[in-house]
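Okay, so here's the structure we're looking at.
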Amino acid sequence: MSSASLKKLEIKTGLKQLRELRKETITAATTRMKEQKQIIKAIKNQLQQPTTVPAIAEAAGIPPHMVLWYVAALKKYGEVKEVDKDGCYFRYCSIEAS
Amino acid sequence: MAVTPEFFEQLERFGVAKTFECFNCGTCAAICPLVYEHFPRKLIRYAQLGALDRILENPKELWRCLHCGLCTQTCPREANPGELILGLRRFVVDRWRRSQHV
Amino acid sequence: MKDTTIPGKILVLATESCAYPGADAVGQAHLSYPANTYVLRVPSPVLFPEKFYLDCFDKGISAIIIMSCGVECPYEGAYDALAQRIDRVYQLMRQRGLDVRRLRLTAICTVCTRAFVKEVNAMNELIKELGPPGTEIELQDVAQSA
Amino acid sequence: MREVQIDSAQQAQAEEKRVGVYICHCGGNISDHVDVEALCARAGQAPGVAVARTHMFMCSDPGQEMIIKDLQEGKVNRVVVASCAPSLHESTFRGTLQRAGFNPYLYEHANIREQVSWVHHGRPATEKATALVAAAAAKAARLEPLEPIRMDVIRHATVIGAGVAGLQAALDLASRGIPVALIEKSPFLGGHVAKLDNIAPSNEKASELLTRLTRQVLDQPAITVHTCTRVVGFAGCVGNFTLRIKVDGEQGQDEGKKLHSMPTKTPRRGVFLPQYGVVTGSCPENPAEDSIETGAVILATGFKPYQPMFGEYGYGRHPQVVTLPEAIQALAGENGSHPVWHWHGRPIRNLAIIHCVGSRQIPGVHEAAEGAALNEYCSRTCCSASLGFANQVRENYPVTRVFEFYRDIRTYGRGQEELYQRASKNRVLFFRFEAQEPPRIESNGTGSESPLQITVKDTLTFGEEVQVAADLVVLAVGMKPNGIDDLVEMMKLPVGSDGFLLEVHPKLRPVELPNSGLLLAGTCQAPMDIGEATNAASAAAVKASGLLARGFVELDPFVAEVNLEQCTGTGACVVACPRDGALQLAEVAVNGKPFKKAQVSPAFCLGCGACVAVCPTNAINIKGWTLKQYEAMVDAIVADLAA
Amino acid sequence: MRLEAKIEVDAVVIGGGIAGLQTALDLAEQDYLVVVVEKDASVGGKMIRLSKVFPTLDCASCITTPKMAAAAHHENISILTYGDLKSLDRSSDGRLEAVVEKKPRFVDEAKCIGCRQCEYDCPILVADENQGGFSARKAIHIPFSNAIPQVATLDVDHCILCGRCEKVCPTQAVDYFQQPQTIRIHAAAAVIATGFQMTSLHDKPQYGSGEITNVIDALQMERLLAPHGPYNRVLRPSDGMEPDSIAFVQCAGSRDRSMGVPYCSRVCCMYAIKQAMLLSGALPLADITIYYMDIRAFGKNYEQFFQNAQAMGIQFVKAKVASLAAAENGAVEVCYEDQVNGGVTRTSHDLVVLSLGKIAAWNPFGTCPVEVAEDGFIRSVSPRLAATLTSMEGVFAAGAAAGPKDIVDAIAEAGAAAMKAASYLSACHRPKQARSGVSINVKPQPSRAVAMG
Amino acid sequence: MFNPRDIIELIAHNVKKSRNPFGVPRMILNRWWWRTPLEKKGDSILFTGLMYQSLPIIAKTTDQLAAFEDSPRARYIRLARYMPGALAGLGAALLTGRKERRQSDQILKNIATLLQKSGVRFAYRPDLDHYSGILLYDLGDQETFVEHARYVAGQLKHAGIRRLITVDPHTTYALRELYPKVTGHRFEVRAYFELLNATGGNGQRKVALHDPCFYGRYLELSDIPNRLLNGFNIECVPVKNSANFTHCCGGPAESISPKLSHAVVMRRFKELQATGAPIVAMCPICLGNLKKVGADVEDLSMILARCA
């Protein structure tokens, strides 16, 4: 075996051991990630059209403060943008949709 | 209204010690379950000023207090508003009794 | 894919201490703005004479945004001098029939990412409307002769 | 007159500029959006460019080695790196040039990550990157080597004012081995602290504190104390100031400060005299002048207490209305033989203290003394001083009742809120008034024991009017800047709207004045308490010490430079220059003939370029940022190399 | 086994906030070698997280970043971020020894180029404490846009070891096997500049114990006001509404013995006034109220700042708020005693900002024998003449570590601490020898074999 | 609002005469221990302070007072004391229903049983079980309070009592905090639940615990009932305003202003109701006042007795 592939193998076994070591946090984080994915999906579904946080919350059945948190996060990572103002609220929409 | 600080020395005999530590922030009045005007800070302020006539204007007010202790618990200055109300009750009861004897 | 809608070039004179790091912050936030925007780093824009701005327009620069530090200017008195100079540049632009909106004096700080993008976008809208520098003269001529 | 030779031919013969352009992939950060190879090819065709290369990471060692190799082999003598923002790696690549034995300023940075690949995509990104690289190359071809301006400094500092701030600054500097001249106009050391008794909130004795501090100063051989001395002349720039000083002598002193008017007949050096300060020796009888060569000057000229106007809260009208310093002095003078504090033979049973006298004044509400501005600022120390005084009275004379009338209690500092609470525990009674309705002081009617009566609309008592009898009314007066108009004029010191000296920036350069080498310490800058003033003094000392530590200062090379050949001596630049002393017209003999030419004092020049814009012949430029360079950059951007 | 590194310097500065950086710069300017130990992943402290600063209203980042960069580039200063101070004590040779555990970032600081590819690809969202928790970051992230150093940090508490970051990293900087490293710093002098924390929201149940969504603290408001904040505008966190009525509750964490914080935190009045002014700029139609006991605008130009705020129409109500309660539609009900009129009053606001106080961020107990005062901050042994002197010889304190302080006073005190440290160094310590004598090589080495064994 | 002066004088009069505020003969008031086998000897005694026993009378009396408040007849209250004290109280006592009395008696029986189950050794001495005088203290009649407290403490001291096990917060506070100050006698005073150690998994429900002011704030004992209930697998749902910050039930105002009392209890009731769980009280005053507004409330001892 070449030294490069030997190293690769070493990393692989190392990672396996590390995963075992951090099993608990990894499981918890994985669960959270799955939840997050679902919520993001639900929110993004609503964001095909420009809409406000309370409207998303209502339609998706997610508490509004949580919706706002995800919208802020999605905006930060370039997936959502602010469109315009609707009364006291702002409307957001997914970048892909626009 | 004229200030008569001597009055407080009388109150001390009825177990009041901490009233001057109040800096009149109003927490006691707003936290009091009675929700009654400026009560109890009003009485604290009158006690500080020695405004005996004001206290005796409507002494019944003193007995509204539930003695629940929330004002004392939340007082930012540990001025023990509850202690003053109780002390004033004692002062007034004592006065009533003495006036009766006269 | 060439963006054919880009109507011309925008020069941004950005102060070293505020606006230039502000433009960098736009990049760090991975925001986007039209690519016809060229940011030049300057210690203080008070350095440029009136002629510099006019020459830029002559050379074909469609618009200039001066992004200063505003009141936070580290050079005492420089900002006031700059503001006065820009007033004179506006006069000269008017004399030459240049739309004064092609030159804008703003203040942008190190973290004003949104303000930066807003300024750039607004200027792009404007030059789309105005066309290349100098074309106003013809319009004016037309207007006067009419 | 300066002699210069201008040889036009020499300039023409300048070395050939060969620019090397080095483009960074940034591991895909740039190369994913910018066609780096195409960019490199186009850069190679740009005017003046001798070499164009790419690398995965320019900032890595191999990347930098590549540049060094090209430089050392003579392929290039100017460098452009196109990579991330200059704030990250400009200094890295300047260092690269230095390591290759080149002047670090022969470097120009092209920002194609933060301002290109992270904000634009596809072909426009590559086009913009091309233009920016071409612009950088155009500037690089016009770069000249620069050297930091190095100025020798005199390792000596001067401190003006011997209050606690001045004393502390002098001590700190001396501890770093810097000789210090400490200049004080009175015969005493200690300033206003000498007038205090107990210092709130820690209750230290002012006398002990001053004795301790001055002993260190007097024992410090590196400090020369000049009492009875004023500064009468000032010249020079950072590192090389000349101060003319005048010893006033006994005759020149204010009546109150004369040595012979002091309570002790034979004052000994180092002895603390209450109200006066620490004695340093006797004042010379006759005036004398001298001069001091110094590298840095710390201003510690202090404050003076606000003097109430006649009738302000009854001041001057009623003898029982006094200022806090007066009351502190009187109380300190009590020997404690009476159980009651007596003032001019009268017992003080009711004492009132009124806060914010001469501070926090509001236009339209307060009146200023004639010719003076309103003191809109808070004097910061009076709340604690009043409370400390109130506690002292209550604790030493429990018979005396104390009433305080305040707008806001500002016990902000460490131990101060505790001082306020202690006053409450001591049963000091507080009243709160609005600025629009201040307490009224009137003579008490007959039959009353106390001579004065105070009426106040008390917001703590639901806005009712409350009357308090008073035997003595103490006005907690604020701080005013000391009268130093002569120094302000002479040293061109900036003064803020509050009358105090104005620092360059409260956070970036809090103890510095725009004139490099001049520093601020203590209450000449703003009201402060003792701890804050000594902190400010130490902060000023550390700046002075930093300036003087190496025996020279290095200033940025980016200052104005005059091309004497082009300069026609219009003087427009001098008018435009915002900085006193940076530019002047001077007689210069060019090739033997005298001309008026602009002359830059690099130590003063800020490098803003206000001069550049107004020169009709473009004879003046900021080194490293010349107008020609900018014009070349604009040309390169317009030229559209990519098209 | 841990890797050890040793550093010899003149002075060690604990804390890389504005006070620590200023001290380091002032000492470095005297030609002393300094190492700054910072517990966070970036220097800059609290100040870099602020929006604008009073009374000049200049942008906090614009003031802080130059100092951060100046310290980072200074040839006499080394910065050690993400390091936990394990002990600071006198060693047997009479010098001070600071033992610092450099926490693993799981990213090689020398290799990372701050491109954020890893962050973009990471699948896990985590509440971003640098944005007041209002937005998200990823499990691997660069702390904030103007952080120094611009190096990613992997948060193992949220990492699922999916390997994506390692794959996308252009410089192979991600190292899942990084180990903590112990660094021993030998110095003649030390400056403690560990700063402050906000009092906990949970210490005052009447204010909702952190459970009323639209009751936020002042540092969170700083983020809402910052141009690069979580929403890029001021919205209330419960539902993204632009608030129409905002209240500030002063002394929400200080001057309150019932919370165990009797002292004044010194800065809250001014930051509340500043935030109110910024808000009235951002939301010109909004009603802004400040509930206060005493306005403590004591510094240079502060009183004028306060007067300007009043002139702008900001309402100042003299009252200590007794309780807060969640009301209809996300509103927050504020209960206080209106002292001149009416007595007990309840008013609703869309958003309430608690002006929490300052408590010491670092308790030296068990780490360093330096004394703290009753208030929990480092005790000064000479508060009048040399406020920066602590009970330990050669150890100085600056900034909020030595008591609540605003930025101006903290910077002045940082200079004073540098002065005292420099005096101490010149009195007891040989001048620095060769400039090149020190190199800090704290590059964390991959050590997977060790880790597994 | 009644004139407090009248109420104080009435109560002072009753206490002086009969050693309890209602002027009811102790034999009538304190009957719960009849036919309950309890130890009679020992220096550790169960001390009820007659508060629970008074609960039915308080309820009845205050109902009547409520009808009078702010009516012209309110001022006749002061005349009550001119009736033979015992008779006035007896009247009120006789008006109370048997059911109410049984309930409060049951609480005390439960407490005795709980203590026994926890292995606590204690005696019950009806002759020594006195009213503490706390109401006099609260109303400001310090003179009568001190006189009464000295009497009670003297009796206890004389009987050689060392430890008092109390069942309500007011009596606990009086004995623990006030008696040492005003009588000079110090006893070991323990609230009964401090001595319980029973656990079991059969609770399985949620309750809203209402902390009385005296336990929550003055004596800081709230966490003990909480822990006890948790030990039975009963979840104490979070109640807005609890422990140190508990909200008064309004009870103490009953005798001065029933209206005020009602307003306060309604506010507290809403907070407790918001939890959706049945309410548990541990003070006869709280219990009575919450019941009065129709709350689903029972005494701590009842739920503990069911589980233990």
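Letters A, B, C, D, E and F name the chains as they come in the text, with residue numbers starting at 1 for each one.
The rule is simple: a residue touches a chain if its C-beta (ideal position, glycine included) is under 8 Å from a C-beta of that chain, and two chains touch if they have at least 3 such contacts.
A quick note: this is a predicted structure, and the numbers were derived from the prediction, not measured.
Engineer: Compute the shortest path length in steps from subunit A to subunit B over the network of touching chains.
Structural biologist: Minimum step count, subunit A to subunit B: 2.
Engineer: Based on mean C-alpha positions, I'd like to know which chain lies farthest from subunit C.
Structural biologist: Chain F.
Engineer: Please indicate the chain closest to the centre of the assembly, with centres calculated from CA atoms only.
Structural biologist: E
Engineer: Going by the contact definition above, tell me which chain pair has the most C-beta pairs touching.
Structural biologist: The largest set of C-beta contacts joins the chains D-E.
Engineer: Averaging over Cα atoms per chain, report the distance between subunit A and subunit C in Å.
Structural biologist: 38
Engineer: What's the distance between the Cα centroids of subunit B and subunit E, rounded to whole Å?
Structural biologist: One centre to the other, that is 44 Å.
Engineer: Rounded to a whole Å, what is the gap between the Cα centroids of subunit B and subunit F?
Structural biologist: So the centroids are 27 Å from each other.
Engineer: Taking each chain's centre as its mean C-alpha position, how far apart are subunit C and subunit D in Å?
Structural biologist: Distance between chain centres: 35 Å.
Engineer: What residues in subunit E touch two or more of the other chains?
Structural biologist: Those would be 56, 58, 66, 206, 232, 255, 339.
Engineer: Hunt down the residues of subunit D that sit against at least two other chains at once, touch-wise.
Structural biologist: Touching at least two other chains: 87, 409, 421, 460, 462.
Engineer: Which bits of subunit B are touching subunit E when the two form their complex?
Structural biologist: 23-32, 35-39, 41, 73-78
Engineer: Of all residues in subunit B, which touch subunit F in the complex?
Structural biologist: Per the touch definition, subunit B meets subunit F at residues 14-15, 33-34, 59-60, 62-64, 66-70, 72-74, 86, 88-94, 96-97.
Engineer: Please name which positions on subunit C make contact with subunit D in the complex.
Structural biologist: By the definition above, subunit C touches subunit D via 1-3, 6, 9, 11, 21, 23-24, 26-28, 30-44, 46-50, 52, 55-56, 59-61, 75-78, 81, 85.
Engineer: Sort out for me which residues of subunit E touch subunit C in the complex.
Structural biologist: So the residues of subunit E in touch with subunit C come to 56, 58-59, 61-62, 65-66, 116, 145-146, 226-228, 232.
Engineer: Would you tell me which residues of subunit E are touching subunit B in their complex?
Structural biologist: Residue list for subunit E touching subunit B: 206, 251, 255-259, 293, 319-323, 335-337, 339, 342-345.
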